[in-house]
Structure formats: C-alpha cells, structure tokens
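The structures considered in this document are given below.
In the two complexes below, chain A is the common chain; its partner is chain B in one and chain C in the other.
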Partner chain A sequence: MDVIEISKHAIPFLMKGLYVTAYLSFISGILAIIIGMIGGICGASKIFLLRWVYSIYVNIFRGTPFLIQLYIVYFVLPSFGITLNVYEAGIGTLAFNSGAYISEIVRAGIGAIPKEQSEAALSLGMTPYLEMKLVIFPQVIRIIIPPLVGQLILLVKDTSVISLIGVFDLIKVGRELAIASGENPIIIYSLVALFYFIICYPLYCFSIFVEKRVRLHYDSL
Partner chain B sequence: MVEIKNVNKWFGKNHILKNINLSIKKGEVVVILGPSGSGKSTLLRCINFLEPVNSGEIRVGDDIITDSKIDIYKARRKIGVVFQHFNLFPHLSVLRNVTIGCTEVLRINHVEAEKIAIKYLERVGIGDKIGAYPSEISGGQKQRVAIARALAMHPQVMMFDEPTSALDPEMIGEVLNVIEDLAKEHRTMIVVSHEIGFAKEAADRVIFIDDGEIIEEGTPGDFFSNPKTVRAKSFLDKVL
Partner chain C sequence: MDFNFLIVKQYLPVFRTAFLNTLYISSVSLFFALIVGVIGGLCKISKNKIIYSVVSIYVNAIRSTPLLAQLYLIFFGLPYLGIKFSPFFTGVIALTLNSGAYITEIVRSGIQAIPKGQAEASLSLGMNYFSMMRRIILPQAFLIIIPPLVGQSVVLVKDTCLMSIIAYTELTRAAEIVVANSFAPSEGYLTSAFLYLVICYFLMKLSKYLEKRQN
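Now for the complex of A and B:
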C-alpha cells in the first residue's frame, strides 16, 4: 500500500475531524480562560465564602477523571431533566474541568505579585477595582502565560476524550477510518497524531515567544 | 496639615505605636529618625491607612483618615508616598508609571497628564528616560521616577519611607538632592530616613521615635548637637 495514496484518501476526512477538534478546543478554551480568571480571583479573594466555594469547585474537578465528569454530564444529568447534546456536554464539561486548573494558575499568579505593588496602587488613590485592572492583572497575565498555554495544550488533547460520547472529532474520524474502513492504522494514527501536533506546537511557540518578551523585574525581591 | 492624636497600633500582642501625638504644619518638613523596628514606617503606613490604627485619630488636611465613613481611596490621592523599594509598576513605561494616577484616578485626559508627568520627570532629572521600563534604569533613577509619580498627583503631603535605604551608595546623593529641593519649596513633607546629613540640611523639625514612642523632638540644630534623652544620645552615637 502506498503511504501517499492512503494519505490522499484519508486527509479530507481527517480535515473534517480536525475542524471539529479545533472548534471544541477553541470554544472550551475561551470558556475555560473566562472561568479560570473568575475562579482565580475568587480563590485569591479576602472573602471567606468565595474562597470556600472556589475550593469545592477546584477540588471536585481536579479530583475526579474528566471522563467520569463527561459521563455524568451527558448520561446522568438527563435523569434530572437537564439534557445536553454531545457538543454542549463536551464543551461545557471540558471548560469547567480546564477552568479548575486555570483557576489555580491564576490564583497562584495573583499570589506571586509582591504586596508592595498593591500598596503603591492604593497609595495613588486607586480603588481595589482599578488596582486589579491596571496593576495586578496585567502583571498576572505576563506571569501565567507559560503555565496557561501548557494547560491549553492539555485541553486540546483532552478534546479527544469527548469522542467517547460520540463527537466526530479528529480521533473518532481516525478510528472510523482505521477500523470501519480498514485503512492502514499505522498511517492513519500517525496522521492523527500529526494533526494534534499541528494545533499544539504553535501554542507552545507562542508561549516561549511571550516568556522571552515579557519578564517583570521587582526591586523588593 | 497632619494631626495625629493618641494613636495606638498593635500587631497581635506587640504594641507598635504607643499613644503617638504629632502635629505637622502646612509647609513643614519633618524628618523621623529612630532605630529599625521602632515604628517609623508603621506610622507612615497608618497616615495613609495602609495600616488601620487600633485607637486614636489621624487627620490629613480636612480628611479624618481614621473615620470609618471616609472615602479612603479619595483621601489617599492627597497623600503622596515614596517607598523604600520604589514599587514602580514593572509592566509600564516610566512615563505611564507617572501618568497612570492622573488619567485613571484623577481622570485627567492623557495629553494633559503627559504634560504634567514630563514636567515632573524633568524636574527630577529623568526627562530623557520617559520611554524606558523600570527594569532598564538604575535604582536612583527608579526612586526619582517614584517621586515624580507621587508629585504628579499634586498631593498635599509627601511621605518618604526610607527613600535611600535600598540604594547603592553612589546613588543616594542624586535622590537626596531631589528631596532636598522639594523641601526648599516648603511642601509638607514627612521623611523617614537614616540620612543624618539630609536631616540637618532639610528638616524643619526632627522627631526621634524609639520603641513606638516619640522620645524627643526639636530643630535639627538642637537635636543633633544637644540631644536631651539618653536613648537619643545612644542612637546618635551609633549612626553619626
């Protein structure tokens, strides 16, 4: 069998899967970042109740496998009257799952900003909102980009789990080609791996680029 | 301009400020001296409410800082603070460090705020560094930017918390010169410092604090040549 022939035949199908994987990654990634930012601020808050809710959320989502969370959302929630389609269930669960990890990254990032920065901001008459918006968060973003991108790379790969509730993403298309259509699995799965890599590698490059560009210096450390 | 009445401050069981009474007139330059851990910096932090006091009253201008009903964020605009470790915002350029208070807190437009910032940056001798980032300039330059940042808010009172302690020796002079120039303009200033030469030169009054209490105060001439208390004498013996 000719590698090029098989590839030519498989790539149009895999492109459709790639599109689904990219779509799942993009939407759940954006949502996870939003959830993570809100979560991280709650986790770093002085308000006990917020920290308490935050810790329950983070521990539930980090302490159980993503696949179980997905099964519960897709198969169990309907018996409580909440029926989601595969996309809603997959994107929602992944967003909350990754959001928990990103929350921890954001919380740690906020904790890494020296308290002198906050004092300087307050001394200029800034309210806590302005302090967060102008002084703390812009610095947090710079610090957390490498771990945040790392988490997003994991998220891209975790979308493959969503195929188990029936989404035709990259890995599901690959499996159909290899098993149902009987294409050479070595070539097909290699192509699938390559396609994931094509999404993840630019993310990694972006992270390295940013890390080199934005390094913050503190005099009090 | 600044009235401190019967102020007490505890950290847990440590009595940091013991019944402090201090009145600073408009245009007066007060230098606070004292051993480390004596409560000097805590006193400054109480004046702009970075630390709440446990009892007593602090008034700055017309604002009673210790009143729970006061808008403390608004009151702090009138108090400029220069910190030991400069505390510039590392993600912002020198110019933006100075304009950010004007544009975001005082809501002055950017063009006007940049004029104000450049005026003060030139004043402290860093007009040529406005595009630089804090990591690209020296400690002395950073501290001068921090002074410009505080001045740009047009505060009624300027507070300096050991402004030269974190500097390399060769940079202390450039910062002290700027602060001395400000003192000559009869701004209301409170300076915590170990620089005796500076205190002699610039202070209208010297306050000596030890163990959370004001032990002695007087003109620099009197205090340095003729300290009345044993504690002040032994402190001066160590630092002179």
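Now for the complex of A and C:
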C-alpha cells in the first residue's frame, strides 16, 4: 500500500520534528506561565503605573498576529542591535505572546475571588505577599486551570508558525519531505496533522475533565 | 533606531491594498464561517448520534491541529488531486473551516444557555423545529454569542497573516514586499503590525462594549 510505504519512510523524520516541536512548546510554555503570572498580578494591582504598562503589553501582543511579532523580533530587532538566533526569537516571542493571554486569564481569575477574602486576610495581619500566597493564589489556580490548558494548546499549535523563520519542527520537516522527495503531499500533511492531534487532543480532554471537576467542587459548596 | 517615514509613504498604495484585502478576506471568511458555525452548532445539539459524531470529529480535528497544517493540506493537497483554486479562494476555504469549528462551539454553548422552557413553550404552541429555532431560540442565542463571536473575529483577522505564505497580498505579504524591495524591515513590518493593531483594537473594544451592555 502506498500510504504505508510513505508513512514508513516519513515517520522517522517526523519524529525528529516532533522532538523539536515538543522542545519549543515546553520551554516557551513554562516561560509563558511565568510571564503570565507576573503580568496577571500587575494587571490586578492597585498601582496605576503597573496596570498601565500591563494593558499596553497585553493589547499590543493580543492585537497583532504572532507571525508579525516573530518577523519583527527576528528581522527588525537586529537593526536595534539585538540579534537572536531562530530558537531564541521563536521561543521568546511565543512566550511573550502566550504570556499576554495567560496574564488576562490570571487577572480575570484574581478578579473572580471575592473582595472579602483579601480583606479578611489583611485584617488577620497578613502581608500582601502572604495574602497572595496563602489565600488568593490557591483559589485562583483552581479557577484558571481549564482556560490555562486551553491556552497551552494554542501555544503548541502556534509553534508551527516558528517554522516560517526556519526552525525544523514537525511541520517544516513535513514540508521538506513533501517538497524534496516529491511524495504525496496529502499523506505527508495528514501525518503531520495527526502528530499535532496526538499532542493536542489529550490536552483538550484534560481541560474538559478539570473543568467538570472544578464545577463539581463549586456545586458541592 | 532608523524609521524612515518616506519609505512608508512611498509604499502607501501597497499598504492600502493590503489593508483592504485583509478586511475583505476576513469578512468573506467570517460570513461563511458563521454559516458553518450555525449549522454545526445545530448539529452538535441534535439527538441524532451520527450527525453529532460527525460534527464532533470535525470540531476536534480542526481544534487540535494548527491552521498552518490545514493550510498546507489544502494548498498543496488539492492541486495534487487536480483541483486548483486561486490563493484568495484557498485562504477562504482554510479560514472558513478553521473558524467554523470554533464558531460551532460558540453557537452550541449559546443555544444551550437558553432555558429549556423556551423550546417546550414554542413546541407546545404548535411550532415545528425549524420555526422554533428561527423565531425563538436562535434570536436569543445570537444576543448571547455576539461578544465571543467578535472575539473570534479578532482571531480570524490575525489568522489571515498566514495567507502571506500562499501569496495572497494581505498586510504581512505587503510587509514582505516592502522589505524585499527596499530592504527596510522596520518600516515594512512595524507598519503592518500597526495596521493589524488598528483593526484588532477596534474589534476588542467592540467586544468589551457589547459584553458590558449585555450585563
């Protein structure tokens, strides 16, 4: 069979691409969560300047396509004296891009906690840091996990765009296979899509599972 | 820092065409995606197991794969089968299928947010399924889904940037043309980014305004 022959030939190459995609997703995912947590706290803070910087950051990153951001970082920043290689540019841009969305998730999560919680914590003599750590954040985490997982799925899918500046990830390997070896592009790109599906679909199921658990928890209160 | 406004001015016609093209391909795709989404949403609440599973497979397959992979599959796959479309049409197909899946989920959740009593009341008044949906359920559901729908259209506008790789002259492609001709990356890419920002910022504000008005 044609499909099996081509798959046998293509899968070892695609596995290498899968490794790069997983690497890009993992590193930028962790960085994006860190940026998102810091950003979300800034966005929910009472200090005007922090909120102002936050809203500029979030609006710029959410209002422009990831591809354009990537091109700006990779092609425009060198003329400002900052030269990055493809991996640094890709991971950095993706982290800041997803970080903007995660910031909004975290900010909304903090906003969903009733004000009395924070007042009670402060009246018990907690410092703002302790209040965040012991009272607010444990509750926020529970609310934000489903949208956070949803955002991480988008991040995995967005790593495919990094291939356009020359990183050999899953989709780039597929493209080279289809062009260089002239093999049936439908089979090759279907295999590529299948690989992404294998990563993203379990994450979707996980986010639905967690959402149900969270809802059960709140219904039982 | 070297930003030369003369280059932007020189290529203003390119940017203007690209800006209009971006709006054009976004709105055409949004129109078709809405049709796909409403039909998909209705199928997703259907009691028929086969219809439900077909639409679920469609939605999951689209949501779990990147748009770029879908675009490659359509752009390189269809010609292999002997079907050739213009870049514009290829782009519209890819964006419609992609956004349609997300809008399907939005429509489904909107319909399910309407209390069951509404459907029961209209059925007991002797309406059939079609007129119940058209007159009672969908108009109410539509009000609920407008803010997330505008949010989805922001995503759609940003996704049009991938159409540059199939050589459709939208904002990203315009930036590439400017960079290739004048070797001025900051002028090309920053101008395009600004124009995207104008469209998306307007839509994001609109979505926030509509959400506020509803509450």
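Here is the rule we go by: the second predicted complex is superposed on the first by the 212 of 221 C-alpha atoms of A that agree within 3 Å, B and C clash if a C-alpha of one lies under 4 Å from a C-alpha of the other, contacts with A are read in each partner's own complex, and residues count from 1 in each chain.
Assume a contact is a pair of C-beta atoms (placed from the backbone, for glycine too) under 8 Å apart; a residue touches a chain by one contact, two chains touch by 3 or more.
Just so it is clear, the model here is predicted, and its values are computed rather than measured.
After overlaying the two complexes on the shared chain, residue contacts for A:E119 are found with chain B alone; chain C is out of touch.
Note on chain A: of its two partners chain C and chain B, the one contacting more of its residues is C. Once the two complexes are overlaid on the shared chain, A:L155 sits clear of chain B and of chain C alike.
By the touch criterion stated above, A:L24 is placed in contact with neither chain B nor chain C. In the superposition on chain A, no contact is made by A:A95 with either chain B or chain C. Shared contact residues of chain A with chain B and chain C: none.
Only residues 59-60, 62-69, 71-72, 75-76, 79-80, 153, 157-161, 163-164, 171, 174-175, 178, 184-186, 189-190, 192-193, 196-197, 200-201, 204 of chain A touch chain C when the two sit together in their complex. Residue ranges on chain B touching chain A, taken from their complex, read 48, 50, 73-74, 76-77, 79-81, 83, 85-91, 100-101, 104-106, 134-135, 139, 142, 149-150, 153, 166. By the touch rule above, chain C contacts chain A in their complex via residues 1-2, 60-61, 63-70, 72-73, 76-77, 80-81, 154, 158-162, 164-165, 171-172, 175, 179, 185-186, 189-190, 192-193, 196-197, 200-201, 204. Of all residues in chain A, only 116-117, 119-127, 130, 134-135, 138-139, 142, 214-220 touch chain B in the complex they form.
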